[in-house]
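The next block holds one structure in the form of structure tokens; read it before the comments.
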Amino acid sequence: MTGRVLMAAAMLFLLAFLASPESFASLFKPFTRNNAPAIYTQTGLMSLTLSHLGLVLLAVIASTLIAVTLAILVTRPSGREFLPLARTVTSVGQTFPPVAVLALAVPVMGFGAGPTLVALFLYGLLPVFENALAGLTGQSPQVQEAARGMGLTPRQRLWQVELPLALPVILTGVRLTAVISLGTATIGSTVAAKTLGELIIAGLLSSNTAFVLQGGMVVGILAVLIYEGFQRLEQLAAARIGQG
Amino acid sequence: MAFRISRTGLLFALIGLAGLALPFVQFKPNRIVPGEGLRLFDALSLPLGWMIGLVLGAVLIAGCLERWPARLRLTVALLSVIAVTLALGAAATQLTPPDNTLARVSPSSGFWLLLLAFALMLADAQSRITLGLPIRLAMLIGAMVLIAVILGSGVLDGVSVMREYAARSDLFAREAAGHLVLAFGSLGLALLIGLPLGVAIYESPAMRRPVLGILNILQTIPSLALFGIMIPIFGWIAANIPGAAQAGVAGIGLFPALVALFLYSLLPVVSNTLTGLIGVNPATREAAAGLGMTRPQILVQVLIPLALPVLLAAIRIVLVQNIGLAVIAGLIGGGGFGTFVFQGLNQTAMDLVLLGALPTIALALVAGIALDLLVEATGGAPKGGQA
Amino acid sequence: MIEIQNLTRIYGTTAVVKDVSLTVETGQIAALVGTSGSGKTTLLRMINRLVEPSAGRVLIDGKDTAEIEPHLLRRQIGYAIQGHGLFPHRTVAQNISTVPRLLGWTQDQHRARVDELLELFQMEPADFRDRMPHELSGGQQQRVGVARALAARPDLLLMDEPFGALDPVIRAKAQQDLRDIQRQLGTTLIIVTHDMEEAVTLGDRIAVMDKGELLQYGPPSEILTTPATSFVSDLIGTGDRPFRLLSLTPVAEIIAEGQAEGAEIPREASLRDALAECLWSGRDRLPVEGGGIVTLDSLRAQAAPTARAAE
């Protein structure tokens, strides 16, 4: 209950701050030096936040779609051949640092939102894929047997049984991906993507801690809200299948 | 059909053949201007390029026609990876005019695809053989030695990344050391503080929620911001606490980055310590108490050894994560390979980016694999006690 | 009528089921008994083609099952397994109506069917319809599992150790209910079990399997009195075989003229119950409800053929 109240308060604070950052100037004034501005005005905070979220949303949707599709493919009889390879690639891929992936995408994509999107997408594939794989392979054999025995076609089994049962685990993967992407997207501003990282980098360049704090705060609150929101979804989905 | 088509082989062949068709290297008159792409066949002198290209193509096609024994595929894939790498070196040497220090030959899409195809073939073959721990450890060490030998032999010296390296080898050694200090130093700090903290919240359950809650929130602050926030904090410490500046504390440099990484590492260490300790069979703990052990003795002699695999798993998470995040230190003057990455991005010199990114990836991979092996080695023994 | 003709299943080089032929008459219960690895489950799963036969065929009312699409075949055949296999993400009603919905029944039809089945299994529809499987007791889950198998009114019901996960008390009740419902609906039932007692209680015919081969197929009394091989007698268990045999026959069949002291026993009580009553109360004859007696001697005589067969 207190958790819910805190979340609501955090969300209200965030919305108020984004709607009218100037009203909070006094809060951030102590972190500035030499009369530097306390609030970043180069680009609107709201527009930076929206473009940050848009980038993350796009990447997460793309990674989820592709990763779940791939997980479905390698768990079908015709794709089983790829399963061991897929597991190895996933575990190796997750040791690749996201920043390095981002940097390596630049020569291919050039500067701007492109490489960030590609890096977020590629990096986001792995947690979703890993979890979808776990969800699709770790199902009760009795339920599968019953589904087959009642005459559900493979397609019906996938849509009506396997995917709904794997949903909580898949959602966990999407949550991990979303939270990682939210943080990594800030680094995208080093390659000129329009994200909240712009605010932080501006702060670093001009030694203005207020900017750094604002950027960190907005991303942090967004991450907490997204984390909690997904966790609630997962609990709902899990409770429905009696695992709550 | 007399032959069965291996679908994985088909995938590798498609990737690899695309690699043969695409430019293998980029030739640039100097490091900034866009270059001209050359395929493997054109990049190497006449008989050599065609020979290597045809052999690699044959391996790829043969790989999808028949199911070879996994060990044979492993060997062939490994040899092919080496061949592709050596071909890159040879192409660079042949293409660069003598005494020309400006021209750059950098690996291009064809090289990366070929490397990917054979690395996938290698991974696929490896995942189908169950090898013992000692053999896998030997393979890891063997791979590191092989890379060292190839780099040391000078065959790759003509490649752009290596030329960037040659231009700043002293700096590279310093940044490498910095990167290691950041990654391992923050891990050490996290263990020093995180282990006792984990034990403390294990002993007093009421503290678990607040402590883990705070660490969770720390984790959500984007790395870039956390690094940034550390700068003024340390600047203030250096300016206001007597002796701090003399001890090397400063707002820029190593300290802010080290502490930021340390803060990120706390959550995995503390929560895994807790999980590991909770996971120990209560009966084992009872038995130890029944034998007359004191609480500290139970902790040190029974609980921690049994929780070791979970602790090692935390160390793996932290180390791999910190090796990656340490790159960001380069942005705030904290040193490490990130220095090259961000310099490269600033100057749009991709070879310099590679000089920072490739060692980082290699370091993370080696750390990840080595610790996986370690977790497996310790995980086998105490399992019986926990079951 | 189900005709299994020379059914064989080979995995690699081992035959899991070897040339099994048997016929189950419409409305009968056939119990497939054997130890684990005997091939009984594989035999059952070849009937609805969850496992494809390597050789041989299965005819249902004269029609070869190989000519029907597997998933369409399975929708005509009820299937219930150990641990019920209920879909954890669907309500009781959704679980039960799975096959009717696959078959395209209207909503009214399958809703009515769900309520009908829940009542048949003594579960109040209004109370149970919208529950999730994890909100049911083990016995209730098992009943929903059987109800689901019966939902589309199949003429044939296959069950694989359906009561395996239940504790003994609930299991006895579940077996009784199944027997009643099967008689009421007239469904042909083939049930796999490792428990000879269950086979004797439920089966009109018992098929004993070992190492993929059908050793004996016949009515329970025949299996108990004249086991075909030593394996069959081992499976029955020599010690309590007489009692199993006695438990098959009701008292009504051996009533003699006469008078006896003490409490009467019902006509439908089994000979086993009568024997127990004699021994407990120390009497050598019992009065039967509605007149007549059973004597200890006649009870002994009934158990005797088994003793001879075992020698």
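Order of writing sets the chain letters: A, B and C. Residues in each chain are counted from 1.
The criterion applied here is as follows: a contact is a pair of C-beta atoms (placed from the backbone, for glycine too) under 8 Å apart; a residue touches a chain by one contact, two chains touch by 3 or more.
Please read these numbers as outputs of a predicted model, since none were measured by experiment.
Seen from the C-alpha centroid of chain B, the farthest chain centroid is that of C. Here A is the chain whose Cα centre lies closest to the centre of all protein Cα atoms. Centres computed as Cα averages put chain A at a distance of 22 Å from chain B.
Averaged C-alpha coordinates give centres for chain B and chain C that are 60 Å from one another.
With centres taken as mean Cα positions, chain C sits 53 Å from chain A.
Residue ranges on chain A touching chain C, taken from their complex, read 140, 142-143, 145-153, 156, 160-161, 164-165, 240-243. The touching residues of chain A, counted against chain B in their complex, run 31, 81-82, 84-85, 87-89, 92, 94-100, 103-104, 106-107, 179, 182-183, 186-187, 190-191, 196-197, 200-201, 203-204, 207, 209, 212-213, 215-217, 219-220, 223-224, 227. Those residues of chain C that touch chain A in the shared complex are 48, 50, 70-76, 79, 81-89, 98-99, 102, 132-135, 145, 148-149, 158. The touching residues of chain B, counted against chain A in their complex, run 6-8, 11, 120, 123-124, 126-128, 217, 220-226, 228-229, 231-232, 320, 323-325, 327-328, 331-332, 338, 341-342, 344-345, 350, 353-354, 356-357, 360-361, 364-365, 367-368.
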